[in-house]
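I've put the structures underneath this note.
In the two complexes below, chain A is the common chain; its partner is chain B in one and chain C in the other.
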Partner chain A sequence: MKLNRREFLSLAGKSAAGAVIFAACGLPEKELIVQSPVEMPEDLVKGEDQWYATTMGDFPGGDGIIVRIMEGRAKKIEGNPDHPITQGKSNARYDSALQMLYHPDRIREPLSRYSKGGNLNGISWTRAIKEFKDALNTGGNMTLVTNPLRGHPGSIASKFASHYGGVHINFDPIEQGILHKTVENIFDQKSLPHLDIGNAKSIMSFGADWLSTWVSPVQYSRFYGSFRSQSDRGYFIHVDPRMSMTAANADLWLPVKPSYEGDLALGIARIIVEEKLTSEINIEAYKKYLSPGFLNGYQLRDVSHRTGLPEEKIKKAAHIISEKTPAIVFGGGSTEAHTNGSFNLRAVYGLNILLGSVGVTGGVLPNPSSEIDDLPASSSGASMKEWEEELSHWRAGNVDTVIIRGVDLAHGLPNFLGIAEALNNVKNVIVFSTFEDDTTELADLVLPDSTFLESWGTDIPEPAPGYLVLSVQQPVVVSNSRGFADVLLEVSEEAIGSTQENMITSTITTLQKTGTGSVKASNSRLYKKGIQQRGGWWNTNYSGNISGSYRESSKTGEISTFSKTNSLGEGTEFHLIPFVSNSLLNGQLAPTPWAQQNPDPMSTVAWVTWAELNKSEADELNIDEGDILLIKSTSGEIEALAYPHPGVQPGTICIPTGQGNSKKGRYAENRGSNVFAILADKKDSETGALAWAATKVVVQRSGRNKKVAKFEGTVEARPIEPGVPVLVLGSGETADEAITANHHIYQNQFLNNSHADTGISHKDDETKTDH
Partner chain B sequence: MQPKLEKKKNTSNNWLKILIPVLAIGGLSVFAVLGAFVAFIITAWWGQPIPVMGFEQTFEQPIHFPHTVHASVKELDHVSTDGTPMTGLGMDCTFCHRTVTTQPNAGVPSVGLCTTCHKVIGSKDSTELTKLRESGGLLDAASSPINWKRVHRLPDHVRFVHESHITYLMQNPNKIKNSSSGVTEGAAGVCSTCHGDVASMEQVKQVEALKMGQCVDCHRDNGAPTDCVVCHH
Partner chain C sequence: MTTNKTGKQNWGMVVDVDKCTGCQACVLACQSENNVPINTQERFERGRAISWIRVERYWEGNYPDVKARFIPIMCQHCENAPCEPVCPVYATYHNSEGLNVQVYNRCVGTRYCANGCPFTVRFFNYWEPVWPESFRNHLNPDVTVRSRGIMEKCSFCVQRIRRGVRTAKKENRDLIDGEIQTACSQACPTSALVFGDLNDNNSAVSKMKHDERTYKLLPHLNLDQNVVYLAKVDPEKKIESHSVESGSHD
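Let's look at the complex of A and B:
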């Protein structure tokens, strides 16, 4: 058949078109593929979630949680409904902590620095372990620094340190050492007692932000719910220079002058003793503890003057807590963070003896001392005095190896300690960390630490709920990362134990042999599974003892000392009170965007470091919201955005912790300021703990202004229902006064049917919240 | 002086001589194409389509996984190193396809399941096992998932749930129909209803047409719902 060129071309064109049509009309490649994933999670079933019980390791409280896993990936953390501490409740930090697991900026491999000041280079785990062993085998002194650890991680850390003849020292930037010593002295308790808030009729707390961040907030919030569900709703008094979230929930907030909390407590004690507001037995028990005539120094007039609180309020508080019993009085936080912190806390907790709250339901109840395999049940950071001593050894070059884990030491220690210089004189600085941070900058060997979702562990919650609890932490995702405890075990060549999981299994077997507790099974394999399913072991019958008498050593005989704060001598001085950020804690959660964008409960500010100061004072000093302030102490200077509001004691400036990291991932780096850096060298006179609320600072406007990233004020106040006007308060007005004042304006508006003026009085500009 | 008409006739004849064969061939080829097309449509409509242009019922997989070795109990073609004949392992279908009794999809196993045995079993020289071990990350290569080519696929508008069918047929083995190879026992029997004697397949191929007519017939005979919305929702 003869084809000429034209026919050939047209046939070619048509067949090409046909080929294209037939090829293009196909199913996309991905529809025709069935993929075998590489890893085999034990529950790889599409579309069905699995929940695993574990523990929030490395967070205070030892909360039991459940984690939702889909196709091998962790999706959500909730409270474990079965666990004695959380009972299904949770807080915002559970959600943010999950973001640590899949964070893109996690350290993926061990890093090594060949010389001080050089660059970090990636090395293999084999080589890293070898370097670690070499450092230890030189025989020099060794110090192991960790966050306060309980349970197996704490036990392994201590055993590791003693195996090498070294020291294990804990670090907590917001020290709670005085709290632990006080409860030991007063109640003879090795770990924090169980505060039966749920059954109390009145509560008086000093300084401790217990609904937000103090010690065990989920547990305490749960108790608070029971407290308020009582028929008479309970009466809650909170004492704090700053209106924290806890203070905002109180029925009576006493904005005491910082460091005078002890005075307030003793003033209240004096009122109760003088007016015989409690039984003779209680008064006698209380007086046994004081030197005779001691309370004479705490007359109402003087106490009112010193604390800055009106006399009626102090009397009211005294009457309430003595009438509505059982009453619990407790404290912590900034109350213990002055140079007279020990004195303050002793005065505060002593009130429980006066009120007869020790050992009764609705009062202060004992927790058993841990007898599980010698696992530590209580842990707190070492005092600043001990830290100064330790750092002086480092500076002198006496310590060859320092191992740091779970703390950002360079971020948490104040500038005056010179941590960078100290670490420079240590030959081998080995840091376990999830992110590169200020401390890894000073490290010679960086080992990637696993998160609590990837490793085994145990924790003994502190405070326990009145009986013995062991929370068990298990990996809920398959992961290649190594836990710090397992690395320590490997480096010590199994001298302490083989793996942490094995050590935990043997503890579980010990528990099984007691025949008691929350799990029953026929053999040890099933027993361990039962423990894993419930998230731990607890024995509600295993309680402790508590006495209501003080130890001799804790007699309060001296007259209260004014908190010695440093003074800069010039400019407008403020008393600096740092507070733990509700979302970021001490900076632990700064890398996660969810924590960063979580607004502060009181100010609704997120992402930045702000400084709260009293509104009237700010007006006098011409400071507006958003002004960038230079805050300077004897230790250094930081910047913060001004946030004036009425809920701050005049003369104080309150700055949240957590920001000011030079690294720590893309969401945290170079953001905000680190308030820890500028804390002054002030210590509690008795224990040597850092008086972190005793710094005085000079505040100055820098001249720059930046809009504060906050949620409030983004929506203009408007009536919820038509016809119901919004009540606007002027400065210093109570609601009653405002209603009366605004009443006439509303009357006019409705009678005259005028819509030009919506009836909102713009009496004072400070109440306008839109910008 | 003969007229030159002949020449003209010749040229017109030449033209026709080319045209008619061309038309004939063209027409025949069009008929052939149309015929092929119609045959294709008819076979595809009533059963399995003609295996052309991507409509094959079996194709090469990234790793040549022989169901004969794993699932069959019959004697295998290849022999072991010492000459003794080998028989298949006789593994149950649900050992690997684990979600068939609980989920809509049967699921292929993860590489991890294969390597539980094959990290020690199987020759080091086998090319297929080498590919598997590389996928599983056992040979210092980065682990990677295996993208199998799907053999059995129903259109998107059909929702088929394995679990209920497996359960029913396990409880009523006498209802297993259309078993292509006479295998009726246990899980293998149940699965063979629609998938044929997979245990005998060196390379998995689709033997049943899996058309709606088959589904509805079986549903009707077994008292299962034949409402549209049961499968099309």
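Let's look at the complex of A and C:
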């Protein structure tokens, strides 16, 4: 017997979850069904799947997803076809994140350590909440540390800290503070602008691995698909010392020397200005706030020498982005991770002004500045300078309670900061975590945190797609775990709000009163259901403003590329460039076996920490694949398996993030090495952000070798013959033409080799040739 | 051996190599949808990792002029499949809808099919797949969980095809192009993978099949695959002109 709508709404009001199934436009309307199997009439549960819309909370981007639920269990995560960010698409992290929910090593109950250095013991939630309240009620200073949070979680965290007279500080091991400050500086935007990649004719990106992990990869990948679908296909240039996944997709990869990205950008600017490759209006706008002669130091020959790039390639890049307009130039990642990171990034984004790309379709477009109900729409990690100051307070015993959530602080902070020592001097260390990790090892109270599939929340995607979006997260499975925000509200005894769901409902009511947006309903309860069904609320009728001004700064910072000094001892000096793992990110997904076993796109390596170094350089140093290398900096030493890589610049060594956890479950513990630990104490000269790509290391062979766990074979993967299996066409060439040309190339190679080997005459060879 | 395509649909896929970024979204989506076993470190080291769809990466040239090319490879669902006639128990056959079907409970594990496949898209369960008990909660009940001794491979998400066809029939309507998506094509953020009915002239796959960038893998083997690739474009490539010779083996 089927429920009718009135019966369902009655049931939905009673159920603990109250979650509402996804119903996208265009699909036949389905009856709303309560998810909890306890409340569900049996004949409606078995064998039928339901899809619930929610959000990938705690992962960057604010992506809207739908989750397939059968008999109360989550089976699959996919992109929400209705959501402006994902539009039905996904990335490798969505599916592996599902394993967090049913992971056998999740923390199941609150844990308390009776004394510093003692064991963690299971306690009840009642006792845990009491201990939490007792810690706060001593009246001492308090610091709340979270991952960068937006929406209601960010609002609740900030209000909680304020309520107790404490400090809320964000942590992100791969800082993006310089990126945010740059867009504010150049475009006067409080949150990241919308990059209209899909309509651009050319793209030039610096350092940011935007197709893999940077900022909003699903959204950018969708745009990339549109970019390549244009009639002239678009032209993509990527600047990076390392051939990342993004660099591999570029039509032109410029392997710049680390920290010279700003020089390259200004060298290109000089070419554009000198050769008048853009309009006078654009040139005037670009030079408006610059001192006369600002570009004098960026002559082509000098820039070529400093960046290590041939003059003709620099010139080519300048011509391409000037001629194929609208063009977008953007950057992040390792480009901002030097002591001159701010200088680099400003020079990069400033090019958009010179190209006339600001505020035009196919260029850099504004995102809403207006807020939804005062919810934070932008967030980034605090700078390393701010962290040093904060930790000095902890070390001095000035902070009584530190609450940490959503970050593995002890894993993500470099050794030179001494986080363990600092936390030992804090009376009460309270950690919210889904798994035991390096930080829970230092905690006095551990509270099991819900995954994003089990709790309420909201997120304002950053960057938004050019209009207002509020992604709504709802619990899609029944769970005994408690969300971090709801625990804070309970501890603060409703001084900030009753429950997160109620606060979200209040925001939804505010949205309904505007009479705008993607949901229309006759009453507030149906309006809320509508938002839950769609996975959020968005208003496409938005017009914002954006303009650009490029101002030079007196603090340009130092170049990170160093001369060899052997000051670290025996071994060969390299420039260390960490990169964010495509599957593990910064370690958030290290517990999940699907993420661990997902091959890296460039090396196909899985399960281990490897170190990429230039293939020719490895040969010169007698380093073979699998050699265990000792990599030492001023901050410490790690080991990694050597992986000679054709796409890495000589003098650099590239190591992925995510591994080197002492705990985090059976699939992550004691596996690989933590590259964050050995980052040197180097900071951006303007903002104090950690210059995480500015570390000098010394590399030695340990004498040990281990087979590298990778998906590719033992022979380097190169085409056996042209066009097999990847057929490559030139502009305007058809597949048939290319295949014919390849056939001739291969035949000639084959015949030439036969001549060399056997001396058989050409005529005899032709008759014996067998395809 | 040709098949009698009497089915209403003929399922096929077009892979646009120019749009594939190598992100592995398709690999994980397939893993999740089809209960593909967890590949431990040992399996990788032994060369026994199972991946119904994989993204291969090829190098061209040397630093600094090196290029990397990505290409997703899955079962090609060949009409003239070399894996089908060699199975001694008919555990693999070609159905009327163009699918190369694997019958798990008939397979006895001779591995002749994998031996015959030139694309290395068939994977054998040399060991019993281990699923920690709690992970069994996220197994897809629509797909058999294979045990040791069974050959497995991409099925074009036949469970999704069946569900879609059933739904359309229940609603008394024709299938809409794009309604049935394999897990990989659904996940692909750049829309490099497009799945559909090659019998429907208006479907996206039918239109894309005639693109001038179209090619198939190892065409000289005459396998008549239902997976078609669109070539990568490199604007930096120098084009060499050659005339088409008569008697060419292309």
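To be clear about the criterion, the second predicted complex is superposed on the first by the 645 of 771 C-alpha atoms of A that agree within 3 Å, B and C clash if a C-alpha of one lies under 4 Å from a C-alpha of the other, contacts with A are read in each partner's own complex, and residues count from 1 in each chain.
FYI, a residue touches a chain if its C-beta (ideal position, glycine included) is under 8 Å from a C-beta of that chain, and two chains touch if they have at least 3 such contacts.
Just so it is clear, the model here is predicted, and its values are computed rather than measured.
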Who does A:457 touch here: chain B (first), chain C (second), both, or neither?
-> neither
Kindly classify A:716 by the partners it touches after superposition: chain B alone (first), chain C alone (second), both, or neither?
-> second
Please tell me which partner, chain B or chain C, touches more residues of chain A.
-> C
Scan A:593 for contacts with chain B and chain C and give back first, second, both or neither.
-> second
Considering only the touch criterion stated at the top, classify A:544 as touching first (chain B), second (chain C), both, or neither.
-> neither
Applying the touch criterion given at the start, work out whether A:607 contacts chain B, chain C, both or neither, answering first, second, both or neither.
-> second
Could you say whether A:90 touches chain B, chain C, both of them, or neither, answering first, second, both or neither?
-> second
When the two structures are overlaid on chain A, which partner does A:177 contact: first (chain B), second (chain C), both, or neither?
-> neither
Do any residues of chain A touch both chain B and chain C, and if so, which are they?
-> 47
Given the complex with chain B, which residues does chain A contribute to the contact?
-> 1-2, 22, 26, 31-40, 44-48
For chain B, which residues are in contact with chain A within the complex?
-> 18, 21-22, 25, 53-54, 99, 102-103, 105, 107-114, 135-137, 143-150, 153
How about chain C: which of its residues touch chain A in the complex?
-> 17-19, 21-25, 27-29, 31-33, 38-41, 44-45, 47, 49, 51, 54-60, 62-64, 66-71, 73, 132-135, 137-141, 171, 183, 186-192, 212-215, 217-218, 220, 229, 231-242, 244, 248-250
The answer for chain A against chain C in the complex is residues 28, 47, 70, 73-79, 88-96, 98-99, 101-104, 211-212, 217-218, 221-222, 224-225, 228-229, 233, 235, 243, 245-246, 248-249, 251-253, 255, 582-583, 593-594, 597-599, 601-602, 604, 606-608, 614-616, 646-650, 707, 709-713, 716-719, 723-741, 743-745, 771
